[in-house]
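I have a structure here, written as structure tokens, and I will follow up with some questions on it.
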Amino acid sequence: MRKCSLTALDALFAKMAESAALYLPVDGDDGRAHYAQWQEGLHLSDALNTVRSAKDFFFPQTENLMAFKVNGKTIEIIDTRTEADDFIVFGVRACDVRSFDILDTVFLAEPADSYYANRRAHGVIISLACTRPAETCFCSTFGIDASTPAGDVVCWKTDDALYMEAKTEKGSALMAALADLTEECDTDAVKAQQATTKERMAKLPLADLTADKFGGGKTMEFFSDPAWATLSEACLGCGTCTFVCPTCQCYDIKDFDTGHGVTRLRCWDSCMYSDFTKMAHGNPRLTQVERFRQRFMHKLVYYPENNGGVFGCVGCGRCLTRCPISMNIVKVMKNLGGDAK
Amino acid sequence: MQTVTRDMLVSRAKALLADGTVDRVLGWKAGEFTYDVTPGVFTDADAMEKEFVYGDFCGANFSKYLLTEARKTEKKVLVFLKPCDTYSFNQLLTEHRFDREKVYAIGIPCDGMLDIHKIRTLSAEGVTGIDTDGESVTVHTLYDGDKTVARADALAERCVNCKSKKHVAYDELLGEDGEIIDSARFDEVAAIEKMTPDERFAFWQDALSRCIRCNACRDVCPACTCEKCVFDNPNSGVENKSPANSFEEQMFHIIRAFHVAGRCTDCGECSRVCPQHIPLHLLNRKFIKDIDEFYGEYQAGEKVGSRAPLVDFMTGDLEPSEAVKRGETNA
Amino acid sequence: MQRIGVFVCWCGTNIAGTVDVKRVADALRNEPGVVFSAEYQYMCSQAGQDMIKNAIREHNLTGFVVCSCSPRMHEATFRKTAEAAGLNPYMVEIANIREQCSWVHKDMEIGTEKAIVLGRTAIAKVNLNAPLTPGESPVTKRALVIGGGIAGIQTALDIADAGFPVDIVETKPTIGGKMAQIDKTFPTLDCAACILTPKMVDAAQNDKIRILSYSEVTDVRGFVGNFSVTIKRKARYVNEEICTGCGLCTEKCPQKKVPNEFNLGMDTRRAIYIPFAQAIPKVATIDADYCTMLKTGKCGVCAKVCTAGAIDYTQKDLIMEEKYGAIVAATGFNPISMEPFDEFAYSQSKDVITSLELERLMNAAGPTSGQFVRPSDGKHPHKIVFVQCVGSRCAGASKGKEYCSKICCMYTAKHAMLIRDKYPDTEVYVFYIDVRTPGKNFDEFYRRAVEEYGVHYIKGMVGKVTPTGDTLRVQASDLLANKQILIDADLVVLAAAIEPDKSARPLATMLTASMDTNDFFTEAHPKLRPVESPTAGVFLSGACQGPKDIPETVSQASAAAAKVIGLLVKDKLVCNACVASSDEAMCNGCSTCERVCPYGAITYADKEFRMPDRTTRIRRVAQVNQAVCQGCGACTVACPSGAMDLRGFSNKQIMAEVDAVCK
Amino acid sequence: MQVTEYKPKIVAFCCNWCSYAGADLAGNNRLNYPDNIKIIRVPCSCRVNPMFILRAFQRGADGVILCGCHPGDCHYTSGNYYTRRRMALLFSMLSYLGIEKERTRVEWVSAAEGAKFAATMNEFSAQVAALGENKRLEDLRCKP
């Protein structure tokens, strides 16, 4: 384990930014933290987490897949793929780091999504342990330890220093480059912080929430639950929960007519939208009840069923704070199966 | 704290359920925390007793839910309307969006609703509970103990700039009706108008670049009730699912605001729900301010059946070139 | 996928002089959808049209673009060509490469490039064109003539002669209009009443003509062939059916001080009156502004003396709604007010009069019973000055009209001649800017006034008229002699400009007929369609379209009648094919479109729909009456969801044009 | 160095009854105006949806002008009155968003005003040219 004094943090960031674009959470004008590319004068936010997750760097909301150039009656196909530039995402919390396991399962399984794989290969994730989890946090429900995140490099920030530990080859390479700015250290301060954080985790309002009743093989148990109708009755059908979610991975592919050709792009889609899964014959999910059910069944039942029991939620709590009508996965988990609180 | 209490609403709703006037009640259901109440439909007294809550975070405008709820009821659906909601209610009636006969509307006074984001910013993260009492709000937090913030500071933007405490539609009123307020709601618009074009462009580029095109602003908007929105219609020429670039962001927000121009009651739901805190109300209010200044004051939803400014004209209306000059006080 | 043909016209050298037509044809051949492209000297010629027809057959064209002159010129021609070759006429688009390209630009390179873009734009549109079929609407075989002057009367008589019923709506208690006030007519000098009143009687006796006097049009709805008109029949407090027109009441009425408008206020009439002896209908009318009975409830003399019992003080305005297939505007003219022309002392001296006032002074039935005397003292005038163009041809002036009132030169010559003829002891001076006499026998008439009757024509303007004791001091300039002139005149006659009647503007709004800046009705085409308004089914008769003398008015009146008859003989009208239509699946029924429709073409219906969620719902949806819709497109923009679209100018078509233009 | 004069792309929506005829008249009278202005014929100025204007900018237009009958002279009686309100609000909004107000215009041109049509187009083209390329309401994807 190595550490760097907080007074030298800027120098550390400057060093990192030399070889790759460095993104880190900074406070925005709206009083909330957003990712921004580091430059002299930008400071790491103290906020618990960013509004949008680090997913955006690897699976951006809009991505051009290919292009067609049209000239009169001829069409030329253009492969727009290029090798990605190296980049570093700093300050990813434990929950969001876990989301990459879920995204990787989807995008890196054969045939791998070359666009995603390209970014994963060139991106380094530096995680940051939580110290003050919020009332909306429930990562422990999914077995995540907020005090000890995964990542290429893991960091703990105390009052005076940033403690760092490489976890992967990419991480080790990065730490080697930072050797001049960091010093080897013991793990006492980190252990103390981890202990405190764990205590805090245990006292969170949602600490007792479990996903035990969900998982693979539970489709029949929950699919026809009458609670779906009441849970979804106020749902606006917007995509907020989907678009702030670090694990949602659905997309649509569209052709944009540029006037002189076509840009084929993919963009995030939301299962909450009425035209999601719309096919030639219409839409198999007729009402918002079915769309709403799909989103939560996917995270709590279908995904674990297909992926060795891993849930499709990481408990980051974004949907709890962002949903316009305050409906969210926690309320769903508590109300399904006749287990209303 | 609100003047009307949960018990007042529940007892009135129960009575109307009992006497057969209504068979559905639109109300609020408690969440995990104080602030995360969810709109819900109640059909029996027991459920109401168990789950119905009312308080400073019950800001959702129920009028749009009437589009679906009024179709489901056999008798009438009971809806509680804050003063600002009644304007949306009337506007929807003007546009024939639901059957007035299927609705029983109770006007409830409103003391302003609180904004959880403002409370978090003013107190601390990790809000486990909120007590309001008169002019102060006590916030219970995970790590910073109890914090007190002034109620006035915690009010949602739309409540700070409340335009009316007067109900323009109801079947019955709980408590006292208020007055139309001479609010300062256009001050921010005026401030932007005073900027240079470069500053205005930078301001909006910054705001609109945050858009994630979740459509929450549209989906919550009581004026957006199209059977098929142009942004979801592949044949409209403007359909797109993502804010692919700054043009898409601009186009979405210009068209969204233009489509509700003259129909927007300034209920403020769009800004409330925006997960990216884009000040959408400043777009809508720009149109309202322009309409007021160019064509005379007009409040959408004040009267059922009123003629919206964009489907009306005067032979002596000002020319677009003049309008642009007047709308830009900096010039 | 369309199979589009492109035909580039040279228009002789009109296009080919500035546009490389071959290059245009070659470039457009490569556009998506184009399967044939050619150029030719004159596409609109028979040979050119045959070339198109052959290409349609040989290449199975589904649509074509003609790069030629303005669509306003030959769109109809090429649509007919398409139809003749079995193609839907709406599968044709015109790229305007003459008026908007070759005639605007001088450089061949620029003109050619632009022509290619315009052609490409038209191709982009045709790619999205769909065959359109115009609807049909029935025709109500009855006409409405608004205005009962000589124009309205002639139009009504001609329409009635063809066998169609006609209503004449006249705001005054009698028909007759301005001509009834005129004494003699130029250039024949026959008496106006002698030729007008028989026509008035004809109209009254024609069983196809209904005269709605003392009435106004208050609302017009509908469209060509199907107008629905609201007419207010003002209360005249006399039962028209019973009144015999004996005139006893008009003699006995104690209220004697009512200014007589028929004599332009130069004498008085009673509160109950018949405007003039030959009035049609010859019935009395009570002037509510002056009638003591109506104002105070005390009097009732007329009711007492009326042996027929026709007086009805309780009569109310009657609103009637009638259906018509065609409407003729014949609202006529008025002399403009002389108030702003202080320099002529019109308001200071009774002896400064307008020409129309002179007509009444000289008329045997006028205020002086035909005695030509000064209004101030009843003395015979010996020196008379006529001032021409008062308020006419005032370009740039703050008062008056820019246009020539056309009739003044001739009636002034008439007046001068008549006075010199009857009273050889008078001296008559006419001040003029120009004397304009372009009519049959007009110049001969004017020459007679000068040569035979010794009227002093002086080219020059009167600067000022000052009442001085008994006379009027006229200061003027003689431009030909280049000197100032002072004349002490006994009478000054002003040839006041004429303007459209004030009722024309609101009527035009109701009719959705356009007007020029002077409030004259605009004709559909100044040369080729002079008696039609651009609004289908609305026709123009008489001075409401522009200043006219009587013969011209009567010819136009008959021409308008011919157009009306041409419309009314049809059993069905073919409607505009480019109309709005609502996609009911997307319509919200919000009523926004209805509010902007100027024709009331949109209505709503509750219909049952199978919804995407497989439920059934009754929804309120907009429906467009295709016979009523004129295709302006206001509703398409008002509609927030885009459910309302316009055939022939659809959202997609216009956006495709935008794309092609910006490419 | 070769200096090429910057030619802005301009879309002119013209109503069929007045302005399009006015443009024809300009041609009849051989009045010159820039070739970079391309006319799109619409039945009435009220047919022009704000979406068309945004579309033009998206597709690379540097200026958009709407021409209709003079107020009061609309072939459809009231269409241009609606246009006037719609465009007043739209243009004011564009300006509010910091987009140059000189890029948009509404002008009333009658069928008799060929000279006004040409003069307006010359003037508008010069005005837009002075602003340079449209950068604030552009869609980079649509650039060639």
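For clarity, chains are labelled A, B, C and D in written order, and residue numbers in each chain start from 1.
Definition applied: a residue touches a chain if its C-beta (ideal position, glycine included) is under 8 Å from a C-beta of that chain, and two chains touch if they have at least 3 such contacts.
On a predicted model such as this, the values are computed, not experimentally measured, just so you know.
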Most central chain, judged by mean C-alpha position against the global CA mean: D
Distance from the mean Cα position of subunit B to that of subunit A, given in whole angstrom: 30
Distance from the mean Cα position of subunit C to that of subunit B, given in whole angstrom: 51
Distance between the centres, which are taken as Cα means, of subunit D and subunit A, whole angstrom: 46
Interface hub residues of subunit A, defined as touching at least two other chains: 256, 259-260, 274
Set of subunit D residues in contact with two or more other chains: 50-51, 55, 59-60, 72, 78, 82, 86, 141-142
Per-residue overlap in subunit B, given as positions that touch at least 2 other chains: 230, 236-237, 244-245, 310-312
Chain contact topology (line, ring, star, complete or other): complete
Complex interface listing, subunit C residues touching subunit A: 30-32, 612-614, 659, 662-663
Residues of subunit C touching subunit B in the complex: 585-592, 595-596, 604, 617, 619-620, 638, 640-643, 651-652, 655
In the complex, subunit A residues that touch subunit C: 70, 72-73, 257, 259-260, 274, 282-283, 286-287
Contacting residues of subunit B [partner subunit D, same complex]: 192-193, 197-205, 230, 236-238, 244-245, 247-248, 250-251, 254-255, 257-258, 261, 283, 286-287, 290-291, 294-295, 309-315, 317-324, 326-328
Subunit B-facing residues of subunit A, complex: 29-32, 34, 47-48, 51-52, 61-62, 132-135, 200, 203-206, 230, 233-234, 236-240, 242-244, 252, 254, 256, 265, 267-270, 273-275, 320-322, 324-328, 330-331
